[in-house]
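Read the structure below first, then the notes.
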């Protein structure tokens, strides 16, 4: 089988390098271009790639990417940048998996409210598919533009999907308390992520204002068929990678752990990357993998769900490849096990 | 002023060494004995104490401690052990600050339910004072036996005390999501606290079953004057020290952040170790100190309180010295600033 | 091509789980058995393997392994245990890559001096091949028994091999100062590797007495054709994985960095896992890979070599698979890129 | 006794905040001013100081500091800045402990060679005293200007002083292999100290070019009475604080560990902050203290010295206060135990 020719847009960050590492093992992918404002060899930006990928980064140019035969681009650009770069690619017939937030929220008003910017590409937004395979699987298969889901939202959405689908929880009092490794903050140095500041420390940030809130609500509302409101509190943990979300919900009727365990196992049958655990997962159990581990408990009448993932793999680059696999009809596990 | 002669019971662990470090700087304390099953020089158990304290650990013997003139003992023994060792000290007129859980819960049935052991010293339990100075201040001053509060409970109790005192929150739906450094698990090696297991990982543990739950409920009920029920989820963080608790409560009426900030500042006037923060605290802001930092937010109609402390100082050995200061009429800040 | 049927001996530790993860991606390997004293499903010992390998650990039994068709066993047993378990496998025609130290030192007196035990399998020791592919490549190809090299020694040996081969350094004054992550100490909990003890701390250990010393000397002597003496100081770093060795040697004549860089690049031509770096490598550049990165500097007339690897992959399980690949005639990169 | 009025110059960094924490406990010091380009309350720059020091940072102005009665300034400015700010203070009779490198090297040519700048204050350089109390003790007592020693150099100098003083080691082949926590790199965010870059990684930097090299050589030459040449390799460790130096030297005659232990204990009699250890120290043993722990070993005829300290306390702010104590005739332990 011919390999799909791939470009990585914005290859200098952490999601870029993780994508490259996954794709280097993928039997049906060939990385033919990487773009960056830093006009350097990819191994100078990421020494770990030395001897693994011989490619020089280039400035973004849709025509040049097309000329190289690029069929699919993974967008690792910041939000705002993405919706500028992606339209010319789609026009040239290049499919896109966008890891930014630009195409995740269907309602541009919601986008503007949370991202404080106008949306400039509503045309493509209209056909973008939210790339959470376990929920939107079939729509992904033929899509031209995938809005790859956010790292935190996946833990919340997949952690609650079986309950929301069955109407088993109140939808207005969900609490998502999430803990993330520092790589989630990106590769640009800042005081908050300077080692001696965040090491040996835990803190909450963006309390009540984090932009992943409406993304969680949109997907859970899709699943439940009703509006959803969540309180979402992200925390920074002193570690490289991993997200653990502890989710609190009020059941609409009395439930048992055994019953909920069965419900979850059934819901995720045939979905190889969601593992239902009997004991609470540690983020380390998912490190370097595309698995999302979920454990559901009942505590004093409340439902407590614990969901863990690697924020750079499952939370970004791994699920992006899972989406790519679906778009091209490959087994969705290809390159990811 | 003569110095108070002090013994440390169970000096080989982390709370023991922290107590010693604080007391070495305390102008009115003199450590005259340290007990341990390990019959070694204290600096062999804790190399950090070399050149600072020349003392050999001895087996516990109440008569010998009395003969050395010990006036106050800090108990750093495991629960169960404490209630065996403390009665003979009290009989000999030695006052005790007990860092274990043995004298915290007034109701022995609750103790038995959560600790799975019978209580063997109900006589002293009857007069023990729960040593949270900001709440039980005056009762501490003349006490013979202080039940030093748990690390997690202090963040939850002090984080919610102003709201509970004013009847501003529903008392049956409180959620306490806590994150702790590994030193909270003690000094005995176990797989869960083996470095390569818990480093670079976050996990929840004792979900719905942690023994600090009834302690939080007892104190909040004292403050509120009504029964309280909490869902408490502790998590292990890859760091040495620090607890951050993120607390979710439903207000009984509409509240604003400004109003709650005023309420908190007023409640903690004259209580030098509680700092009301406008922005969410990081645990590192409290590292090595007896401060407990609190920030109160209103998110989508819910109250979100974030409280941070150093689990070994404020959460154990520091508040123990604060209690000691009160017991002997010293300024409660002595040795702790 | 038929897959080679593989057993993992001693699957409960860190090298075991890393081997399994590598082999699950290997196109020519099939894990058919895993042994452990812990009679549990492999995913209960290593939750990260849930959904990836459905295998129950079994007690070691050479006949049962043979009956399952095992062709090659990877030994992840402690030294001492290895030389008991391996002879019956070899007798039954099962090839072995042994990750313990039992077959590394050709001279049993040296073994007894450093390991304080008698060697009980000198017969197989006589034909064991030291499995450092970049140095002993051809001998590995047909071997029945590979002594997989130690983690530290590989950095020292490959870091100095080009110089030793050319007679460019004095062989009696080599200093190897090595820094390792904690996983190198194994999975058994001990005080020294209890998180709050070793986190946020660096320390030297086994100064002048570490058992990898004679292994380094044996291989460098093979390369140089003369006896070698090294001073080797290992240090424990607060991180999971990675070894960085900083090596100091006195050149036998004036040398330049440019000249040595050429020498190293030439020496490692065709050896895909050794990367010659112009700037000092960080261990993170090699994390999760089988690469060993080397940078050679000249400082005030001395040669300073810096070598980095992932101690569990290149230092153990990765190079074991590299050896396996050579033994069966696969490209040595198979499953490792 | 009246308190000495103190200013902190450049209070926004890590050495500034550590100095403040130490001085807040010092019975004879009163912080009356803190300078910074950031015109903010000190507790906004360092939240840990909230409720402990009520002081607003001000721009540097020698007249204003004089008007506030400042008697002594601690300089926490970058090198280059220091030699601009300090002359006007000295002119106004304000004594200075300078934590920068500007007054450490007596030979301005050496300064220019390593720091790539001209020295602009040779007048004050002529009377500056290198503030390593264990070596230059008496000269410190009356000094107007102390050049506070570098963090790495103290471990090397105090680690070798007894040997250098006795002529027991060759002075041209000393190797100092040092490992430091990240706080040593300062508080300005950079890619190299961005958490996900340096966490879980070890690397060497400034190999052969680090500016502490001539400082080590100058002091050891003072002690030995002969020129000294060292090879110094610093490494970055994934932790906040602590330096461990492993030092290799060739003895000039056969020596034993017992003999060297005696020599070290004798040399450091009456020097309370140097602790001679029988077993290799961990940096954690010195965390938060002004101790410098030293262990001396003989390995295969070479001397191996291991020295540990807290780089921010002993390596900077603690020794600065030790110098301050000497300058004012206080017991040198005041505020530091």
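A, B, C and D label the chains in the order they appear, each numbered from 1.
In this section, a contact is a pair of C-beta atoms (placed from the backbone, for glycine too) under 8 Å apart; a residue touches a chain by one contact, two chains touch by 3 or more.
Since the structure is predicted, the reported quantities are computational estimates derived from the model, not experimental observations.
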Among all other chains, pick the one whose mean CA position is farthest from the mean CA position of chain A. D
Have a look at C-D versus A-C and report the one with more C-beta pairs in contact. C-D
Averaged-CA centre spacing for the pair chain D and chain A, given as whole angstrom: 46
If you average the CA atoms of chain C and of chain D, how many Å lie between those two points? 40
Averaging only over C-alpha atoms, locate the centres of chain A and chain C and give their separation in whole Å. 36
Chain A touches at least 2 other chains through residues 181, 197-200, 238-241, 281-282, 284, 287
Contact set on chain B toward chain C in their complex: 14, 181-183, 187-191, 193-200, 238-241
Okay, in this complex, where on chain D does chain C touch? 175, 177, 179, 181, 197-205, 207-208, 229, 231, 233, 235, 237-242, 244, 246, 248, 280-284, 287, 297-300, 302, 304, 306, 308
Please output the residues of chain B touching chain D within their complex, sorted ascending. 24-25, 47-48, 50-52, 200, 272, 275, 277, 281-282, 284-289, 291, 293, 337
